[in-house]
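By letter and in written order, the chains are A, B, C, D and E; residue numbering begins at 1 in each of them.
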Amino acid sequence: MSREGGRPPLPLALPAAVGFVFLVLPLGALLVRAPYRRAGTALFSDESLQALRLSVVTASVTTVLALVLGVPLAWMLARSDFRGRSIVRAVVLVPLVLPPVVGGVALLLALGRRGVVGGPLFRAFGWSIPFTSAAVVIAQLFVAMPFLIVTVEGALRGLDGRYDDAAATLGASRWFTFHQVTLPMIAPGITAGAALCWARALGEFGATITFAGNYPGTTQTMPIKVYLALETDPDAAIALSLMLLLVSVVILALLREKWLRV
Amino acid sequence: MTAAAAPADDVVLAADVGCRRGGFRVDAAFTIREGTLTALVGPNGSGKSTVLRALAGLLPMDRGTVTLDRKLLADPSSGTHVRVEERPISLVFQDHLLFPRMSARDNVAFGLRARGMTKAAARSRADLLLGSMGLTDRASARATQLSGGEAQRVALARARAVSPRLLLLDEPFAAMDQHVRASMRADLKAHVSADSGATLLVSHDPLDVLVLADEVVVLEEGRIAQTGTPAELANRPRTDYVARLAGLNLLRGRARGMHADVGRAVVALDAAYDGEVFIAIRPTSIAVHRVQPEGSPRNVWPATVGSVELHGDQVRLTTLGPVALRADVTRSAAAELGLNPGLPVWLSVKATEVTAYPA
Amino acid sequence: AGCGKPGDSNAELRAGRVVVFSAASLTESFTVIANGFQARHPDVDVELVFGPSTELARQVVEGARADVFAAASTPSVAPVIKAELALGAPRVFARNRLQIAVAAGNPARIGSLGDLANNGVKFAQCAVEVPGGAAAKTLLDLARVNAQPVTYERDVKAVLAKVRLGEVDAGLVYRTDIRAESKTGRSRIAGVEIAESMLAGNDYPILAVKRAGDRRAAGAFVEFVLSAEGRAVLVEAGFDVP
Amino acid sequence: MSREGGRPPLPLALPAAVGFVFLVLPLGALLVRAPYRRAGTALFSDESLQALRLSVVTASVTTVLALVLGVPLAWMLARSDFRGRSIVRAVVLVPLVLPPVVGGVALLLALGRRGVVGGPLFRAFGWSIPFTSAAVVIAQLFVAMPFLIVTVEGALRGLDGRYDDAAATLGASRWFTFHQVTLPMIAPGITAGAALCWARALGEFGATITFAGNYPGTTQTMPIKVYLALETDPDAAIALSLMLLLVSVVILALLREKWLRV
Amino acid sequence: MTAAAAPADDVVLAADVGCRRGGFRVDAAFTIREGTLTALVGPNGSGKSTVLRALAGLLPMDRGTVTLDRKLLADPSSGTHVRVEERPISLVFQDHLLFPRMSARDNVAFGLRARGMTKAAARSRADLLLGSMGLTDRASARATQLSGGEAQRVALARARAVSPRLLLLDEPFAAMDQHVRASMRADLKAHVSADSGATLLVSHDPLDVLVLADEVVVLEEGRIAQTGTPAELANRPRTDYVARLAGLNLLRGRARGMHADVGRAVVALDAAYDGEVFIAIRPTSIAVHRVQPEGSPRNVWPATVGSVELHGDQVRLTTLGPVALRADVTRSAAAELGLNPGLPVWLSVKATEVTAYPA
C-alpha cells in the first residue's frame, strides 16, 4: 500500500517463479510451435471472426448478468443469516463440479422443449430456448456465474463488517450501504470474480454445444470452432486459440488497468 | 432514575441497558433530558463503548429497554428491536471508521444521501459543515489521507450532519489538538444548549466533563458507580475513579463523632458523623514536613515519599504509609524539603480541609 | 417405413435451404459434396453443421433445425429413430475401416496388427464407447491380438494427434483420417494397412429428418450423397461405399 | 459481523433469488429426471469408484500444489512491484481463456515425449509424463491454478496494507509477515480460491484427456468417464454426474465449515 | 541543531526529514540524545505522524538524512534506504493497528517471534509485559475484542517488547483513562531514564510534555516552529500554538524602550527592548473590571467578553477588542461582575506580569 518494493522474500519468490514457469511453459511451446505460415487463412475467414465476435459478445453479456445476479447472491451468502443458507451454498457449487456437458443436459432437461420449465413455455407460447444465442448465454451463465459468486463471497467475508455498522448508524438502509460502502470496498474481489467469470464463459464449450448447438453465426462460439477445427485441421485450431487468447488477454488487461485505477 | 419508572416530560432517552460481550456484562440504567448532555465516564474497559453500541442497536441487549422520545426502540422481553438504521441515533465511533474509499466530503454527505437528499445538496451541506470545522481544504481528501485529528473532526461532522435525536460520542476529541478541541467543545456546547435532543459523551478528559456535562454517569465494571452533576461528583466522589477524575484523595472509614477510623490511621473530621463515611482531601491542602509538625492541623500522619513528578510549577507526590495520599507542593517547597522517593516525611491536613459524607 | 417419396436428385427443386447435420469426420467430404449439390441446385442453400455424432443426435431430438443427419455410426442415430424423427430408415452411405497410424518413417517398425502387442510399443485407440473404439476392440478380439493401449482416446482425431506428437508409437484410426492427413502435403503420419481390417469397421448412416422444412430438398441431398458423384467423393476420401 | 439479520433488502434479495432459481432449476430437473432405477448398476461398478477416487485424489493434490505455487504468485502480483508484472499477470490469465483441449495440446508440446522440455527429459532419463496420473495432476494444475491465483490476488488487493507496515516496524521480514499476518487475514479469499480450484480440477476434462489420455485406474477421471458414458448411455452419465456432485458438494461443505470456523 | 552538523557523542538519532505526502510537505531536522525523550508537538495536520512514518522508513524521503547510532538509515541523495524491518525502530501507530486475528498476547509476542524467539518464550515474555500493564486477564482476548484503552496499551507493549533503539510513539495515551495514563506515563519515564536509546513522543496533552519531555520540537505546517526544553517553551512561546500549550497569551509587536506597539494597542513592558518582540501574559494575571480601573497596573485596555467557559473553580473568558486575550477569573469574581458574552469590560495587567523577549 504505502511502502515500496525491496526484494521479495525467497520463500515467496521461489514458488512464485516455479508457478509462473509452469504456466508459461505450455504457452511458450504453443507459441514456438505455432503454425504461423498457415495461420492467416484460418484466422481471417469470415466464420472465424463471426465466432470470435459471438464469443466476446456472449461472454460479456454473461458477465453482466452474472454481476447483476451473482453479486447479490454472494452478499446473501456472506452477510445474511437465513435458513437453508448452506443448501443455497451447495447449489452454487454444483455447476462448478458438474461436467459441463452434463450441465448442458441438465439445462435441456430444465429449459428444453421437453423440459420441466421449457416444456410448458413451449406449449404455451411456442418459445424454444435451445439453439439460440440466448441459449449460449444461459449455458455460459450456468457454468461461469458460480466462479463470480464464490470469489465475491470470499471478498465479502474478508471485509471489516464495522463499516456496515457505521453506515447503519447514519441511517443508511442495507441496500444503500451495499452499493455505497460495500461495493467500492470489495471492488478488487468483484474485478477478480468478473474476470474469472468472463474467462470461463469465453472458454465454455461443453454446456454450450449441448444446450445451444453449434450453428455458425448464432451459436458457434470460438471454443466450439476450435474443437471442430481440431477434428479436421489441428494447426488451424491452434491458430484460432491463439487469436482467442490474444483478444481476451488484451481485453482483460485493458479492463483491469481501468478498474484498478479507480 | 431507572428507565422503568415513568420518565419525566422532557426526557429524550430512557435507557436500561443489559447486554453481554464475551465474558463481560453491562447493566446500566439512566435517562437524558431534552437539550442536555450526559457524560458517560469510567475506567478503560468499564463498558462505555458497549453501552453506546447497545443504544445504537449494534449490539443485541438481553435485558432492559431503550426508549427514545417515548418510542420503544429495544425490549428483549417483548422481542422489540428497531433496526439500527431506523433509530434517529448517530454514533461517533472511538476509532472513527470513516469510509476509506470516500472523500471527507462524501463521508459527511453519506447520512444525508442515505435519507434521500440529492448528491449535490448533500455535498454542499457537507462542505458547510466541514467549513465550520476548519476543514475546507481537506474536504476532497480521501479518508485515508487525513491526519488523526482531521479524521476525528470529519467523523464528528458526519454524525452531526444527520441531526440525530440522540448523539452518541465515543471520545470524539481524543486525537484533537488543544485549540481544535476547545473550539469543538464550544461548538458542541452551543449545539447542545439548543433544542437538539440528547447527547451522550464518553470522555476521559475531566475538562470535557466539567465544561460540557449537565449530568455525569460513572460506569465501573459494567455497572453504574455514581451519577450526579459535575459539581456533585467533584465535591463528593464515591469511588477512587471519580476521586481521581476530580483530583481528590478519597478515603473510606467508619466514623464515630468527630473521628473516623480508616484502617491504619484515624482522621479528624470537619463535623460529627456516625457509620461508614467517605473522606475527600484535596492534594493541595496536604502539607509536607521533614519533622513532626506542632500546632493547629488536627491530622498528622507519618509517611514515605513514593514518587515525585514535576507538573509545571507544582510537584506531585505520592506517599506510602498508614494513609496513601497524593499531595501537591510548590516546586520551591519540594526543593527545600529535598523530596525524593524513599524519604520519610510527615503529612498534615487541617480538619476543616477534610470533607466527609456518608458512604 | 417412409411416407414421403424421396425426391430424385436431378429433379428441379424450389428455392430453399437444407441444414445438414454431419459428423465431424465428414467435414472435408461433405463440404465437397455440398458444393456439388449446390452446383446442381443453385437455388438451394446448403448449410453444413458439423459436430460429434451423438451431440448432433441430441440436438436433433431437442428440436434443433436439421433437415439431414449424417452420422459416423449406427448407434448414434438411434435416439433420432427412437424419437420418431427419421424420415424413412437410415441408409448406410459409407463404411470406414481401420488402419494403423504411425509417425512418418515408422520409427517403431510396426508392420502388422500383431506388432501392437510387442513389448515397448505404445499405442492409442479410441474408447470403446465411441465407434472407432468399438471397431478397434472388435478387430483386436477377432484377430486374437492381445494388445493393451496406453490410452483410450475420445475420438480418432485425438488418437491421430497423439501419434503426430510422438506420444505413442502407433494408433488405430480410420483409413479416411490417414488419407486426409496425407492430403495436407506435409504429413508427419503414415498408414500401415491391416490385413484383417475387413473384420471390423464402421457404417455411416444418413437420414432425412421428419421435421424438415423442405422434405424434397432434404431427400434430394440424401440421394445426392448416395449418387455416383457423392460416392466418388467419399471413395476419394478413403471410405468404402456400398 | 456484529449485527444480526433483519430482512435483506429487496434490491439484493430479488436478484439473488433469481440467480438461485436459475442455478437450481437445471439441477432440479436433473434430479427429477434422473434414472434412479438404472443408476445403481452404473454407479457401483469398480470402474466408477476407481474413477471417482482418482478424481478426488488428483483434484486434491492439484489444489495443494496450486496453493503452494499459486498463493506466492498471487502475492507477487498484488504486493511486489517488479518489471514485467503485467506480463506475468497476462500469462496467468491465459489458461483461463485457452480452450482446455488446446491447453492439453500446449502441455504436450511442452512436456510431451517430443516436447520442448519433455523431449530432453525423455532422451536423458527415459521419463515420459503423458499417460500417467502425474499428467492428470499437471493438466488440472494448468487449468485450475489460475482460478486460485486470481481469487487470492483479489483478496490481497482488498486488504489493508497498513498491517504489513505495522509488522515491518516490529522487525518482521516480509516472509514472516506474509505467513503470520497476511495469510490469516486473507483466509476467506484463499478458501474461496481453493474451492474454485478444487472444483475446476475435479470437473476438468479437455486438458486431461488430451495430455494424460484415458486409461482406467491411472488417468480415467470421473468427467472423462461421464463424457464417454454420454456417447452410449446418457442415463448412466447422469447417474455418474450426480454421484460426482454429491461427493464433491459434501467434501466442499465439510471443508468449508471447518475452515470458516477458524 | 541540524543533523548535518557532526552530532555529539551521545546523540542516538540525528534526523533531517524531507518528504511529501500528497500536497503536503515536511522538512524537519532534530536530534535526540541517549536516554532522553523528545516530544514532537504541533496542531492537527502539522505533519507529526508523517515525520514518524518517515523515520520508521514507511515513507520514502526525498531529501535529508536519518542517522541512528551513527548508522545511516536513509539518504535519498545517495540512494540509501535501510528497510523498515531492519531498522531498530518501533512505532506505536496513532490508530494502534493491532493484528486483528491475533490475541493481545500474540500481538505483543509478534516482534520477538519475528526475531527468532520461540513461540513459548515470546508468549511468556508478552504475558509479563501485559501483566506490567495491568492486562493479565485480557491477554487471551482477540485484538478486536479489546476496548479502546486496552488496545492502546497492548500496542504500547507490542512496540516496547522488541527493545528498539528508537521508540516512536504517536499519541500513545489518547484513549487511556486518567489513572492508566498516569501509570503509563510513570512507566515510560522510568524506561526513558534508563540507558534505553531515544524516544520520540507525539502528544496533544501538555502534561505529557511537561512530565516526560527532555526536549520539545514544535512542528507547524511541516516545519519546525520552535525547539527547547519544556521550561523554555512554557516561558517563552514563539507561536500561538506553543502559547496555548503553555497556557499563555501571546502578542507580537514592535518595542521601543518600555513600550511595544501590538497593532491596535500599546503594551507597557517589564523592561526596555528594541525591535520585534513577543509578549507573553498569563491568563490569571489579567484582571477584569466593569469600569475603567485607576492605580498601579500600567496596561489597561477596553474589551468585550467573547465567550465564557466554566473550568471547575475558574471561569475562562475570551475577550475581543484591541487585544484579544484569554483571561481566567475566579467563579465568584465572574458572578460578581456578571460576565456574559457581549459585555463591555476593561482588562488590566501589571507591567511586571508581562514577559517580553525578542522575536
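Points worth noting:
One rule holds for everything that comes next: contacts are C-beta pairs under 8 Å (C-beta built on N, C-alpha and C of every residue); 3 or more make two chains touch, one makes a residue touch a chain.
Just so we're clear, the structure is a prediction, and the values are computed from it rather than from any experiment.
Number of steps on the shortest path from chain A to chain B, with steps defined by chain touch: 1.
The set of chains in contact with chain A as well as chain C comprises D.
Centres computed as Cα averages put chain A at a distance of 14 Å from chain D. Once the centre of each chain is set as its mean CA position, chain C and chain E turn out to be 88 Å apart. For the pair chain B and chain D, the distance between C-alpha centroids works out to 56 Å. Averaged C-alpha coordinates give centres for chain C and chain D that are 36 Å from one another. Multi-chain contact residues of chain C, defined as those touching 2 or more other chains: 58, 161.
Residue positions of chain E touching 2 or more other chains: 57-58, 83-84. Residues of chain D in contact with two or more other chains: 2-4, 6, 105, 109, 115, 162, 165, 168, 173-174, 185, 227, 230, 234.
Those residues of chain E lying in contact with chain D across their complex are 56-58, 83-86, 88-91, 93, 97, 99-102, 110-111, 113-115, 158-159, 162. The residues of chain A lying in touch with chain D in their complex are 1-6, 8-16, 18-20, 22-30, 32-33, 68-70, 72-73, 75-76, 79-82, 86, 88-103, 105-107, 109-111, 115-117, 141-142, 145-147, 149-151, 153-155, 157-162, 164-165, 168, 173-175, 178, 185-189, 191-193, 195-196, 199-200, 202-203, 205-206, 222-223, 226-227, 230, 234, 237-238, 241, 244-245, 248-249, 252-253, 256, 260.
Note for the complex: chain D touches chain C at residues 105, 108-109, 112-115, 128, 130-131, 209-210, 213-215, 219-220, 224, 227-232, 234.
Residues 21-22, 42-45, 48-49, 94-95, 138, 141, 145-150, 153, 170-171, 174-181, 186, 189, 204, 206-207, 210-211, 234, 240-241, 244-245, 307, 309-312 of chain B are the ones that touch chain E when the two sit in their complex.
Note for the complex: chain C touches chain A at residues 24-25, 27-28, 47, 49-51, 55, 58-59, 62-65, 155, 157, 161, 164, 180, 184.
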